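Take this structure first; my questions come after.
Note that the chains take the letters A, B, C, D, E and F in the order they are written out, and that residue 1 is the start of every chain.
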Amino acid sequence: MAGIVALVEYESASPEVRAVYDDIMATRKTDRVNNFWKALANHPATLQQVWSEVKTVMAAGALDPLVKEMIYVAVSATNGCEYCTFSHTAGARAKGMTEEMLAEVLAVAALANKTNRLANGYRVPVDDVFLNPPQS
Amino acid sequence: MAGIVALVEYESASPEVRAVYDDIMATRKTDRVNNFWKALANHPATLQQVWSEVKTVMAAGALDPLVKEMIYVAVSATNGCEYCTFSHTAGARAKGMTEEMLAEVLAVAALANKTNRLANGYRVPVDDVFLNPPQS
Amino acid sequence: MAGIVALVEYESASPEVRAVYDDIMATRKTDRVNNFWKALANHPATLQQVWSEVKTVMAAGALDPLVKEMIYVAVSATNGCEYCTFSHTAGARAKGMTEEMLAEVLAVAALANKTNRLANGYRVPVDDVFLNPPQS
Amino acid sequence: MAGIVALVEYESASPEVRAVYDDIMATRKTDRVNNFWKALANHPATLQQVWSEVKTVMAAGALDPLVKEMIYVAVSATNGCEYCTFSHTAGARAKGMTEEMLAEVLAVAALANKTNRLANGYRVPVDDVFLNPPQS
Amino acid sequence: MAGIVALVEYESASPEVRAVYDDIMATRKTDRVNNFWKALANHPATLQQVWSEVKTVMAAGALDPLVKEMIYVAVSATNGCEYCTFSHTAGARAKGMTEEMLAEVLAVAALANKTNRLANGYRVPVDDVFLNPPQS
Amino acid sequence: MAGIVALVEYESASPEVRAVYDDIMATRKTDRVNNFWKALANHPATLQQVWSEVKTVMAAGALDPLVKEMIYVAVSATNGCEYCTFSHTAGARAKGMTEEMLAEVLAVAALANKTNRLANGYRVPVDDVFLNPPQS
């Protein structure tokens, strides 16, 4: 199925786009570039900015990369983004997410989506203790 | 600020509601019940069902409770649920989430919300490799 | 709390705005106009169009007005719209929605929000029978 | 099209999964199980929990099952969940929803989505009368 | 792929539906009617109302039609509406949107979706200056 | 009202945070920094990344800054982000958006939110002409 823009393949890419593709493949230790990047490559500045942000934000920090990928899956399922759900589930599995872990990610995301609407439907007032937390 | 329904306080609660409140306080080792539960208590069947689900889904499993709370925060921020954002951020902090970890949770959630729209705006076709993953 | 635009009160409204306010009050058999309409009145064409649509769509048809109001509440809770949740819950109560019915509206909305994410998170393929329903 | 997980068919299902499938078919008086349940069956605890909740929440109560299915359709359309829109529209039709009723469900959902954004875009302050309803 | 309802083709349409189709084609200077209208035609009142609103709201006003189409694309990408993203991107291109402009529309929409969640995740208090703007 | 994190005021900010604040004030020709940035400043890397992106993406390009601000308002209203709706409406007004233009921005956003749900509720199949656009 076609998208809104043509995908920019490596062969026909400009040097600046190729440089990003090369960095994606090197960073991820793979020889392919996902369609997402090939679509963004129609606007090299966006490609560079998004890749730079993904590389930085998804790297190990206070949270490990697997936890970050699972958060990504939960958000993508919440938003109903088909592409991101497929790609980040694959990414999380590649980092070690088991099927049991995936089931728990989605059970938590589903529960949060449910209670978010109960809280919003009843317009529950925020507890004072949350607004004025004890000082550390 | 008032909500859509009155909050059911322990003193005026029915025995079945009190039983849930008691279990919430015992499970969480606290002497207070959040407004969310006091709103749900107007419909005891909902109170019981939601508490049972929260207790089960958020317990330690293949994922630890802190990771689950952080996923909850990311989903609640995505949906813009004020109540749940306050309550689950407090819950995650109580389980050990540092300020650095919170910043990373929100940075990942923000990035996912951004790329979800780039993927959906360009209607990027899902890569065949995601649809037909190599068999294990 | 102030909003983005000033509210247009009846006293200072133009004749075309007053005509809509009069129709709202006559249709609803009340002597007050909600803030929503007073905000829209800053752009009379929007005020007229939205009121006309609300009046037509929410009137009795194949569905009765109470069912329509409850659908409105469920959608507003799903979207997290504070204003619409308060105003349409009030509207539904005025049309006969009991507290038990409200609890069921929100329980269904919450469940739908949950299963929507499970279906999207697992990217469940649509059953052929739904795509090719038996002809009547 | 493939999903994120394999579908668990009856033939290869465990006894606990078969028990849920049997209950789904008996409750719905049908001899087939939808793909949604076959996907959830990869995690039997989720399958059991979600089926139990659907069975309870969607049963006749203060609201009749058809009204509940129509609320489900409105929420699923709001969230853009393809699977749930197809399955619950079919479910509502099976319970008696006519094409005229479907059109009204979607007209109300569409209108609510529209006015939700007008209220949020103008940040209309909630009327005092909604926050302090007259006591019954 | 089939939808939820059959598409009403011109040949089999009632006179009232044909009148709307004729106006769509005349207004847009084209000889075809998009599937969206053919689906709505199952409920002529909805078809007429929606077309009338689209024709009025999307016409030149204080904003030019191209800007309006680009806003439509940004909202549709935000909501993940596949149909509307395809149709309104085509509409915006027909009105003069270049590929560079599309990329900027989506970069802004993506950024807004990101910062919306940072603001909501941190529950940033609205600045007083926004709530009490200097009077003009 | 308090948020989730303390706001970092200029006086108590680190040199790297002050450098961003200085750039925000210089770029916007103002002597104040909005609460949004003061919240992000709890995590300087996020502050720097988001400001850099906002500065670049919202600058004049193929689209002028006012059009970009109006797209931002439409997305923020769609997502129901109170903070961003207030701040970007103020930003758009500062760049020349009139009240008539604001009304049209919201009318388009509201209409898109409505038709997004009609398209999704009827699951309208995408027209072939959109999937296979005539080559330029």
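The definition used in the following text is that contacts are C-beta pairs under 8 Å (C-beta built on N, C-alpha and C of every residue); 3 or more make two chains touch, one makes a residue touch a chain.
In this text, all values refer to a predicted model and were calculated from it rather than measured experimentally.
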Exercise. Pick same or different for copies subunit A and subunit D, depending on whether their interface residues overlap by over half.
Key: different
Quiz item: How many Å are there between the centre of subunit C and the centre of subunit F, using C-alpha atoms for each centre?
Solution: 27
Practice problem: Would you mind pulling out the distance in Å between where the CA atoms of subunit A average out and where those of subunit B do? | Solution: 19
Quiz item: Which subunit A residues touch at least two other chains?
Solution: 1-2, 4-5, 46, 53, 74, 78-82, 85-86, 100, 103, 105-107, 109, 111, 113-116, 118, 120-123, 131
Quiz item: Given which chains touch which, is the overall layout a line, a ring, a star, complete, or other?
Solution: complete
Quiz item: Which bits of subunit A are touching subunit E when the two form their complex?
Solution: 4-5, 42-43, 46, 79-81
Self-check item: subunit A to subunit D touching residues, read off their complex
Solution: 80, 85-86, 89, 99-100, 102-103, 106-107
Self-check item: Contact footprint of subunit C on subunit A as seen in their complex
Solution: 73-74, 77-78, 80, 82, 85-86, 105-106, 109-111, 113-118, 120-123
Practice problem: Write out the stretch or stretches of subunit F touching subunit A in their complex. | Solution: 1-2, 45, 49, 53, 56, 131-132
Quiz item: For subunit D, which residues are in contact with subunit C within the complex?
Solution: 1-5, 7, 32, 34-36, 39-40, 46, 50, 53-54, 57-58, 61-63, 67-68, 70-72, 74-76, 78-79, 81-84, 86-88, 90, 98, 100-101, 103-105, 107-109, 111-116, 118-127, 129-131, 133
